[in-house]
Amino acid sequence: MLKRITLPVAEIVNENETIRTFYFEKKLGALPGQFIMLSDLVTGEKPFSISECESGYFGVTIKKLGTFTQALFEKKPGDLLSYRGAYGSSFSISGRNVLLVGGGYATPPLYYLSKELLKAGAELTVVNGARSKKELVFCERFSNLSLSYQRITDAGCLGRAGSSVDIAQVLLEENHYDMVYVSGPELMMRAMRNLLQNYPELNYEFLFERYMKCAIGICGNCTIDPLGIRLCVEGPVLARDKIVQLTEFGEYHRNAAGIKEYF
Amino acid sequence: MLKRITLPVAEIVNENETIRTFYFEKKLGALPGQFIMLSDLVTGEKPFSISECESGYFGVTIKKLGTFTQALFEKKPGDLLSYRGAYGSSFSISGRNVLLVGGGYATPPLYYLSKELLKAGAELTVVNGARSKKELVFCERFSNLSLSYQRITDAGCLGRAGSSVDIAQVLLEENHYDMVYVSGPELMMRAMRNLLQNYPELNYEFLFERYMKCAIGICGNCTIDPLGIRLCVEGPVLARDKIVQLTEFGEYHRNAAGIKEYF
Amino acid sequence: MKNDRSRISVEFLGKRAATPLVLPAGIMGMTWSGMKYTWENGCGIITSKSLTMEPRKGHAGPVIAEFEGGMLNCMGLCNPGIEEGLAEVNEFRKFYEVPVIVSIFATTIDDFLTLTQKVNESRGDFVELNLSCPNVSDEYGLPLAASKIKVAEIVSAVKMVSKIPVIAKLSPNVSGLTEICTAAEAAGADALCLINTLGPGMLIDIDLQRSVLSNRTGGMSGPCVKPVALRAVFEAYSRVKIPIIGTGGVSNGRDAVEMLMAGASLVGVGSALYEGGIGIFEQINQDILTYMDQYGYGTITDIPRLEKM
Amino acid sequence: MKNDRSRISVEFLGKRAATPLVLPAGIMGMTWSGMKYTWENGCGIITSKSLTMEPRKGHAGPVIAEFEGGMLNCMGLCNPGIEEGLAEVNEFRKFYEVPVIVSIFATTIDDFLTLTQKVNESRGDFVELNLSCPNVSDEYGLPLAASKIKVAEIVSAVKMVSKIPVIAKLSPNVSGLTEICTAAEAAGADALCLINTLGPGMLIDIDLQRSVLSNRTGGMSGPCVKPVALRAVFEAYSRVKIPIIGTGGVSNGRDAVEMLMAGASLVGVGSALYEGGIGIFEQINQDILTYMDQYGYGTITDIPRLEKM
């Protein structure tokens, strides 16, 4: 397991007003779906999924939300940040004809996954959804890959109105997929799970988020009911066999104190 | 560096009344001249040179002297002992025509050295000296190797009377050696050093003993004046370039309290 | 024979634990399902996260920092508070016949008593007094466990109200730990848990020129604290009659046997989850059985203890 | 520039050390030639083995036991006694212009004073009071360093007679170390040395079913004690004005810089000799210079300290 590494931010790309990708020049050796714990050693330390990972650099794509991400958005290239990881389970690289469904800031890890799937020779269809056009990220990056790419916003400003789940439904009806990967807001993922109940033979993997503190499987803050598995070790990527058992999924999560908060 | 290993004594061979070889079934991977720290975890822990070392076992040849070695002599095969190491510097495996001079219980490490030298294709002459015939050890083992072997006792009971230094003197006069290895009582080694002053071109290595506690180079009990090198790390085997500088050699050593004791 | 797990089952203060392994406070014990997952994987007794009167979010990150041989943590006693915390315990205990230790933390005797009364009404099997958290000393000053008088006061007060056995969890970061142990015993403690984290310690990031932990210092745990835990357990074992939960740095079966030889009745396994994964409990159980087979011990209590000092 | 060693030379209590590295008491300081060998290899200040009134052979072996992240030792204060010990110091100091700290150990004020008077007549540059040896507590009870009153008493008595600066070496195994540090400063100590070994700890050989160390317990040193040393140094640095020799677990240049940032003026390097070999001192010197170059610090005192707490 890697120790903490402190290094300058190599580059920052503005994806939109509230989302930026931070690049670091370092070989991380992470698998798609894994995350790092990123910190400035002043404001906090939080988990972020790897959105790009090549031999000489890696990136994480971050949405500005609270204190910590706001502090990150003050950083300029050359400023030092500190990370540990990569941690957690990863997406399996499997399936010949694959559907990827992303939502909001959770889509970027599917970009890294897509690149690895393409290397493995799979055919991909990617659905990238967001509330508005401005909030859609990684569109250009996906368009540059040889895959079928669909964008969707709630407002329909890109031609289609609706959610990525709506598109996924149509795609699932019209095509035969042998694997589905989903990363998005939990309620979107719950809708996907419900949709996928109609395809009992189809395997799928979702990327989950739970409140993480240690990220190394000891504090127990990120366990999910009723399995008790730790989303920082046995997750954040879970496969169908586990997902169907989750009673907590889409219902509640536990905050920093371990108190249940309902969606 | 190896951690402590506790294991049963595999076999004990009586070399004579006061010297025994203890065998352990364990791959030690030591080099000739290195030593282990052996303990029963009751009576003490002391350094002993490796006298045999093959892939499946190793042996140390021990003279009964004080409390600790007496306690060792109570042990039967199957009894547990604990060691750490191997530690220290080793004899270089070099020279085509080599003279080895041993004395008393310090001769056995030259046996392991001889085997390695023979493997490297060297021609060996071994001189094994002791006060009396009973005290000569490893005679049979040496005789079974293809080398020229000479035994000598102070009393002359084996045909020759004198010390191993006397024989070495004759051998050095009559032959051309390119390397000399010596392991014996310090005053014998001093005599060897004096003798070897007449051969300024000849390289040699001696195996030294000093009071050892940590054996890992931190306590400083085993340093030798004026170099200050530690005989547990930079020694116990020293080569000519170091040996000629030693003012302490043959004069005094320091005891467990670090107080000088003169020979 | 080797797979006869009953050989390592242990009776502890009237309850039976399937294995001698204890999940210590603050490790995986935040949620009922976390408790279940640990038990399913071979842990014999579960300790809850230390519960306080009110919920605590704990310190900001980083709350964990690694170093050679162990880790520091400054979780800061994050927990959902006694009510929610006991709800998690009850949820677990309702379905599983597995002894649970409820760890509680407070800074006044009154609060310890209030917490104990709530534990009385829960399904918890034992109550453990965390007298020794080093990560909130900025907030609360020296841990209570540093004073044998305070330890004795709290233990005897809690004993007056508790309906279940009381365990005192003590800190190694004190002078004269053995006397504190005997004071806890004299005050009525039913068992000791030794040790809480060592130090505390601090690490500095020389590039960012800041302490790594948000709270600057944190308690040490993991392999490197084992020698201190063994010493604490052995010295306590030599002086007290009550059972001891030996906790600190146990990462494999040989460590666990060392802890038993030092005098522990049960063995805590916490930080080892990090490097050993969730399989570590079953691995240790198996390694203990292997050791027992090697030396011919039928049941775990046949493993000899060191002669008392 | 990089090889300009004067950039890491440090002034300490009126003497100049070529490098910030200190050989701590009990490491290689038994003989004059051991002192020389360490200095030749890049150590700036040499501390002698702790010297006592009479020679001591120390404990029987094993006196060293390794574990993950460090080692235990129970040398038992083996030393040739003050007379022979000072003879070694004098022999070294006669030929080399290298500051030497003479460490002394006693259990009574009278003996500390007698020892100090002998040090006065030697070529030693500083006297260090070992108030904290954990390996002779069977013999002598709790270390003196556990009591701020005793520490203050001894320091002020020694200050009355000592002709050279006085360093108090303290133990981390106490409650309230910072108060003990301020007590030592108030009593007149010219510098502190933090920390002596941690614990103590114990290890058990489960095959022989005996403690590994002959004396059962021993003090912990090596990489894993670094967090405790850093914390102790930083807390002391925040409260006292006298310089601190930061010792404990320093094994590489980054560790040394951490120690400086925590507030140390000099950095002790002891147990690291084991894994790092004698080349460790020069390696650390070079690594400090590399760090200084990376961040543009001209001299070692430019390396910033953490903000005091």
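A, B, C and D label the chains in the order they appear, each numbered from 1.
Quick note on the criterion: a contact is a pair of C-beta atoms (placed from the backbone, for glycine too) under 8 Å apart; a residue touches a chain by one contact, two chains touch by 3 or more.
Given the structure is predicted, the values throughout are model-derived calculations rather than measurements.
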item: Any chain in contact with chain B as well as chain C; value: D
item: Distance-maximising chain from chain C - centres being C-alpha averages; value: B
item: Between chain C and chain D, centroid-to-centroid distance (C-alpha), Å; value: 34
item: Rounded Å distance between chain A and chain C, as computed from the means of their C-alpha atoms; value: 36
item: Centre-of-Cα separation between chain D and chain A, whole angstrom; value: 51
item: Two or more partner chains touched - positions in chain C; value: 210-211
item: Contacts with two or more other chains, residues of chain B listed in rising order; value: none
item: Topology of the chain contact graph, where touching chains are joined (line, ring, star, complete, other); value: line
item: Every chain pair in contact, whichever chains are involved; value: A-C, B-D, C-D
item: Interfacial residue positions of chain A with respect to chain C in the complex; value: 1, 3-4, 6-7, 37, 39-46, 80, 82, 84, 213-221, 223-230, 233-234, 254-260
item: Residues of chain D touching chain B in the complex; value: 26-38, 40, 49, 55-58, 60-66, 73, 75, 78-81, 84-85, 88, 205, 207-208, 210-212, 214, 270-271, 273-275, 277-278
item: Chain D partner contacts - residues on chain C that touch it in the complex; value: 67-70, 72, 142, 146, 173-176, 198-204, 206, 209-211, 216-217, 220, 223-224, 226-228, 230-231, 234, 251, 254, 257-258, 261-262, 291, 304, 306, 309
